[in-house]
């Protein structure tokens, strides 16, 4: 028997996370579940199947001795990028897979859930417990992607369909922009590696915990607002090459960017598309859906810079991971009433996504999860209004290409002291 | 009052053609209706809406004085390529339109059908009768495209879903290949222009009827079979540049073509995917889903050539337009028991699609229907197993780019005498 | 001995044509000989070597028993598109071949010329005589391309270098536009095949001579002028989709075309770049460097159409092949004082480039010369101001893609009667 | 008068660096000076003009009151990427500029050199001294690029022309691979900003000098050899996705990489193209012309990793900047007889190119020199066999995209302790 130490796995957590994926789809039409509006954004249907494939591939095929795969063709069909597992159906064509239908995928989910439940009834050890925790964190990541990808689908449809209507309500005033100072010093960041099913979960890329040397710095006490970003636009922000990184200037021009992704209109009359409707642009709310290049240009225009991920983590570690997460069901960032380190929008840092000193990947095929992406991407921190609160922590490292705009990504400023 | 001569429009024909579009979708899942597997192939849902838009735009908005559009946004959303009408939603993104949902599109269809019925109850003149006939012929073209586009969707899905299963049945022997000789002379082709609602319908590109001068020639007495095409492959057909047009050689290499589009396997063990299942390749059946370039290379390898469209029409005019059309519900070409001028597969000709001498387009915005495509395409003749029989005639000119393979396109040989 | 009938080959013609290639380069810098300004336009240096390779490959390697190739690597380096001969150095990279240097290429030319002279001293039969005639006509084609490609190189250089300065001189008035009528009938076009070294030379694509059936038509009595084309522009010609072929509208938009290729400026102040300098646009001179799509759109705007190649040939056959050819050293089209069937600009026809009935290619590897390009291109007729007069005739068929603009291509109008 | 403190500028250094650019071109044909073999690699002619433009634009136009530009059109023609100066001639078309000719560019150089000499005779202050030093360091960078770009031109020409022949000589044995250990600690890296003409020159991106916190590590005591890289290949290095970064796997497959850029042959019979000829692969020499992705994959295969730039600098700072630089005229890396921190090949680090804490760019338009490239690139250290020795130092930061292979880039291994 594999199990050295036996642990008790919270099966209610398993089902609760799994159910959340279905809940996200509840307001949607079958048609919405099919759309891949660009290569990076997958259909909700594909997400539903892929996260299930993850449990099947990394747990059931390995730990449940008598497990019969639901459909052998799914092995490549719903493999995202695990070369160690085998070939993958081409990513740009995910939106062409009308079959399996959504009903078949729901059946696939139920089949796998039942097999997992059966497996867990036989007991759970550290290794299995860890893999299930990983599978659930993985599913939470895809739940967030379901929102971001879906927003792109609906938000680029000329009918501008609404996911769940919200009245914008009375305007809120954001707290004034200020800077919190942090003294120079040696600080620890990251987490100590724990690849067991007990204790708190973290991804391999957050380890090891290690010391960093920081110079004195200050961080903006809240996210940059739409109003502040509008001032940048009005000052010619998108027309001044001196503000931009060279690759950013190219991306901006070839993309025809004139404002953040979901803004509509121009000049004095901007609207913003959100999952809850097309509303007048809220100047007090955090700017959202900007690329890392726009964040960089804004910071330079402002006379500041983007924080490093270490600066961010040291500051955020002093705060509870609370805020405007998916649980608030706002599905949109809110004007600041506090420091907003968590929730609202992911925050671009200037740090390239790379290995921490002494980093080692998850072992085995699952090692492809994070490590192989450590090139050409930037770290983002803090979670957003479509992140699950239970998924986030101060050490959490998200990463996207600096040209990406479809995530709920915003800006926190930093300054040298 | 517009109407000079009043005609009686067969409203049962209207509803019967319209219903056929729904019947095609009956065996499909909602998911299948969403897929645009490549830019050229539109989702069934889009076809259903676009053909309805055609009636709304060219008839209801112009003839039904009090007509209120179902949804003003549909004007651009379902405009295919009519610049005279206005902007068009970008073609490559048709598969991203989850909204309107299929139910909304069904409602759109019913709304328009009712308005057409109301209009026709007020009487019908030549002009209106012609436009309705045009709208129905237009819808029949899209019904055929629904099959070809859908075949591409299902046939490129690794699960290879079946539209409607058919047992391949006992093998049939094709009649032996021979050549029918035609003497030199001056022959009439095309139809006399008739843009009225009475009389038989034809497209503008089939007019005017005019004389052509032909040298003595012979045409193959049936379509080229899979077995004959296999001999071409085995003789290195896809590896011998001397057989290919220069642009064809480039297209073949960049597309990685090794055999017709829906063949699977290699060497002595080929299967063919069809709407009725994946079956062992039937060597007696006509080869299908070859590009014009492959047709050219095969003909050259054989020692013949492709017919001109005039040669084809002169020969076909002597035959009744009967054959394996969509009404046989075979959805796949059958081995020849007769000359196969009509049905089974469209037949590539060597003729570029251009205007007949004295050609004039339909007047008004509808003039964009055919005329503006008279560049870079080849004429195909005869209809296929997914064409409606009532839609075809000897003078009918279809046209596709020589690299296109997703239509039911096959090969008839010609020779000089 | 190969020779059945011995013929006398005019060796002075050989050297005179060959020398012409060098004369074209005389006013150029070594640097100019290197440039490939786009994939379609080759460096002069490459042209000089390729035409020499043609004599080496198709004549010396086959007829001169003891011939030692100048450099074996040239076999693929200067092979343009003859798959029967072997691999080709990639066309888009011709401008990267700094070696062989121009001096080595001059040495290559001298080496081959000497070997040809040696060979001819041994006698000449029909076959050899034909191949040498072919090689010289081939070289004349490349001499024309040297001018067109070079014009693109110099004309897209911001310094706008001049090949050979000409003062524009006093304005000339073009003869008034009129239409010459031609009656319906059966007419012969093309030439009787003659693949011997004696008699007049023609390409395979001009054969066989055959009859065509024409309806009554009229042709413009001169080429369309810049002034007439300017009226088209001012009437929104480049902004009205109803005037354009669909593929043309796409090409025009993606190319950003606003006027013919070498026009500069806008509105009331146009200049035209030519090999002889940048001069004020001459409204009386023929419009030049328009694509087939622009020619089509202009003709449609005018209320006419482009001629078919048969209509053109029947009309042109009544005229001597005289006009503004390269021998006038104008290097630019001139206002019409006569019918301009020959010289000034190539004339777009509406005819797709295809095989004449009964066409057969040159035999052997040289069969790739013309036949394999019979797809997607249009026929142009008449030669231009950079064509050698001895190279042209009424039956001559040139061909380019309808989007091509860098040739000296203009417009003659046609009308139905 | 601008000058606060007057300094003495070594005009002999100015002319000596400038002359070096001409010396590089001495063995070349005019044709070689024209070639742009890919977008990233500019023609030598362009380099010669651009470095001259740099002096004209940033010094003469600003400091020499009466200066008349040599040719106003050069302002945009030879502007590389300075948006603050104005528009730039499109980079991919640099190889199409046959004019100005090389003789005109030599005249341009002489004209500017004379104006600089005249200016310096009037005295030199800190600001001017700094700009001239910058201009000379800039020219040294382009001298290196002339070699790397030229190698790509000659090395992709099937004739494989040699820049300067060298007999490979007797084989040398490289010193055995070992690892030098470095203890954990806080170390200073970078240079204190000095933007004056006196003192030693450094680029803005090397400042400010600051402390870094390092864990204990070890660095390979020499560069990775061809023999070691061959073992990686033989072990399936290019076929094992587990060794590669995800973006690297994509780049490798789309580029068809099977070995370093200039290797020829396969299996047991590799040759390497170099500026000094095509020689049998020297297994003892450092591997060269690998991308950052290949360096990463090799290090992972070996069981090590790439160094960070800080680790490298701390180690290298203990060594004199001596080695196989361009002055040895080897133009190719040599087997190690010492630690090779300097010269032979640039060394890929795992560090993204970004700003040091407290970084500020050069002021004014020249601020675009380095700062705007701080995205998506990796830092390389140490210089190569085509770098000028006087140009390099331990703090020097070079940067290229991880997919770039045409630089003299190699691999040093690192390990955690």
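Letters A, B, C and D name the chains as they come in the text, with residue numbers starting at 1 for each one.
As a working rule, a residue touches a chain if its C-beta (ideal position, glycine included) is under 8 Å from a C-beta of that chain, and two chains touch if they have at least 3 such contacts.
Not measured: the values here are computed from a predicted model.
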Minimal step count in the chain contact network, chain B to chain D: 2
Centroid comparison with chain D (C-alpha atoms), farthest chain: B
Separation of chain A from chain C, taking each centre as the mean of its C-alpha atoms, in whole Å: 59
Where chain A and chain D are represented by their mean Cα positions, the distance between them in whole Å: 38
Chain centre separation (chain A, chain B; CA means) in Å: 46
Sequence positions of chain B contacting 2 or more other chains: none
Every chain pair in contact, whichever chains are involved: A-B, A-D, B-C, C-D
Chain C residues within the chain D interface of the complex: 29-37, 45, 73, 76-77, 89, 93, 95-102, 153-154, 156-159, 161
Chain C partner contacts - residues on chain B that touch it in the complex: 81, 83-84, 186, 210-213, 215, 241-242, 244-249, 293, 296, 305, 350-352, 354-355, 357-358, 367-368, 372-376, 402, 416
